[in-house]
Amino acid sequence: MGKEIIDDFRSYRSKMNEKLLAQDNKVIKRIFNLDTNAFQDGALSGRVKEMLGLVSSLVLRCDDCVRYHLEKCHEDDLNTEELFEIFAIANLVGGTIVIPHTRRALEYWEELGKTN
Amino acid sequence: MGKEIIDDFRSYRSKMNEKLLAQDNKVIKRIFNLDTNAFQDGALSGRVKEMLGLVSSLVLRCDDCVRYHLEKCHEDDLNTEELFEIFAIANLVGGTIVIPHTRRALEYWEELGKTN
Amino acid sequence: MGKEIIDDFRSYRSKMNEKLLAQDNKVIKRIFNLDTNAFQDGALSGRVKEMLGLVSSLVLRCDDCVRYHLEKCHEDDLNTEELFEIFAIANLVGGTIVIPHTRRALEYWEELGKTN
Amino acid sequence: MGKEIIDDFRSYRSKMNEKLLAQDNKVIKRIFNLDTNAFQDGALSGRVKEMLGLVSSLVLRCDDCVRYHLEKCHEDDLNTEELFEIFAIANLVGGTIVIPHTRRALEYWEELGKTN
Amino acid sequence: MGKEIIDDFRSYRSKMNEKLLAQDNKVIKRIFNLDTNAFQDGALSGRVKEMLGLVSSLVLRCDDCVRYHLEKCHEDDLNTEELFEIFAIANLVGGTIVIPHTRRALEYWEELGKTN
Amino acid sequence: MGKEIIDDFRSYRSKMNEKLLAQDNKVIKRIFNLDTNAFQDGALSGRVKEMLGLVSSLVLRCDDCVRYHLEKCHEDDLNTEELFEIFAIANLVGGTIVIPHTRRALEYWEELGKTN
């Protein structure tokens, strides 16, 4: 693979999000807005919230959601040891069916590491 | 992508369904039959039932099931505004983990629109 | 059981919803607002949308969500034959693990029928 | 608790199943029939199939389905050591969120043991 | 309700856990051990890890797991504003089907607050 | 497709598993060890346990987990009739959303059959 898994994800995601929002469905637009709001600094830091988003995405086994939160965690300077402790909780709570998603998460994380 | 996502889905689906049914497992065959029965006109119209099948597939996050019901909804002349109201309910009830499936559903819907 | 399953559900639900909203968390409050918006008449009727909410709740196996949408469907004069066609789709798409939730849904539906 | 958890489950289950079938919805009735068919002796023994039903119910976290298959496994003379190996796979594959269902399964199993 | 929901949960949980461990199934015992290990201070603090456990339990809709992590978060002096930000992420990512579990979580949290 | 779906799966899986284990996270490593332990001969044979792993993976709709257990079942000389009875239970208990995963499972199974 390589860096193109990052580019492909980002470009497909933003192209389709634009189309989803262009349709002007009020509920859809507000859900997208809420998604930004919920992860901002508050009583909990944005950094902790992104970890919460990441572990939720892992146990719910949503690869694209995992990728999105990996990007945010990477921007927040999460280190690999911290990442693996999140992986550990996700695989323990959610079971070994989370392993394949963890493999793909690690691959994406490694590519993000090369973009610095 | 383009029109080939439709062709690829349809041909893989029918090739493998044929093989699944060829094995002559009675339970599998009856489940396939029921699947046809459950979506026929009854007290509720087939059109409403396909919407029920679509929203169920979205919240259960099954891309191939979504595609199948999108095809049926397209044949039933569902319009894009109606589709987005189904998307809205699915993303609200099922959460933002449904968003990636909604992106792929919209892409497929757009291709279906070009086949007319 | 009897009518108290309706009263208990309604009073617990509204007592706790009040407490949830009293805390003034913006995201929680907006999600509650969206929940009202998403099921209003639009391109699709509120009646069809409640059926979409019901089938989603069934396949996701959320008893309290099922009860809520059963109440709305009852107000919209859904009849029992229509209800069973929704049950059929939910049990076929979501599998026999939906059966226990269908049993409880039917029990609640019967009690709702007595409140008229 | 005690023996009444068995009696309550059985009587509620059969009372509501009767009502579900009385409505004469063809899809619902066939799903119930299939449920009987799928677990009969075939290439695999009914005993092994009940274990498959049990582990599926555990990882899908459906307490009533677990109880049903526990009864069948008990009739098939599954022993407690075998049961725990099924528990182990369910908790490993499905994660620690299966633990609460395992606790309730064990309680039900103990009561079944007293009925001999 | 009141304080007995705490006592009932704790006593049932520890009684059944003891029975689960008494059977001496190696895999089950190790999963229980891992569960303790995974939430200890490491690269991430135990406090953050409990929040990760809580949000995972909420999106996976496991009431007993939610209760367990609420107890731990309460011991770690999580405040109610922080709790609601976790609720917000869980309900957004996991959808409105998480609301009933959030109601029950808040009820339990209130009782925990009275135990100080 | 063809034989490369087997080679691709195996090489990606072992490459990424190695990286996951190299990081030296104790919880992750123990989960991997447990995964080996849980499926060994015990009160139940390893053969039956692999079937339990397969049906769990199917109802939880984890394609990579399905592939892994298909390989093990193939080594244990499961025949196609037995396989279809497992498919039947998975599709009945887990619903028609399991069908797309069953199609992919059958494709993989056919390729495994050619490797003998």
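Chains: A, B, C, D, E and F, in written order; residue numbering restarts at 1 for each.
Throughout what follows, a contact is a pair of C-beta atoms (placed from the backbone, for glycine too) under 8 Å apart; a residue touches a chain by one contact, two chains touch by 3 or more.
Note that the structure is a prediction, hence the values are computed from the model and not measured.
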Inter-copy rotation, chain A to chain D, in degrees (Cα atoms; steps of 5):
180
Looking at C-alpha means, what's the farthest chain from chain A?
D
Option in B-E, B-C or C-D whose residue-number contact pairs overlap D-E by over half
C-D
List the centre-to-centre spacing of chain C and chain E in whole Å, with centres computed as mean CA coordinates.
26
Please compute the C-alpha centroid of chain E, do the same for chain F, then give the distance between them in whole Å.
31
What are the residue numbers in chain D that touch two or more other chains?
27, 31, 34-35, 38, 57, 59-60, 65, 81, 84-85, 88-89, 91-97
Can you list the residues on chain B that touch chain E in the complex?
59, 91-98
So in the complex, the part of chain F that touches chain D is made up of which residues?
31, 34-35, 38-39, 42-44, 48-49, 51-53, 55-57, 59-60, 65, 79, 81-82, 84-86, 88-90, 92-94
Contacting residues of chain A [partner chain B, same complex]:
12-13, 16-17, 19-20, 23, 25, 27-28, 31, 35, 57, 60, 62-65
Along chain B, where are the residues that touch chain D in the complex?
26-27, 30-31, 34, 37-38
Using the touch definition up top, name the residues of chain B that touch chain A in the complex.
61, 80-81, 84-85, 87-89, 91-92, 95-97, 99-100, 102-104, 106-107, 110
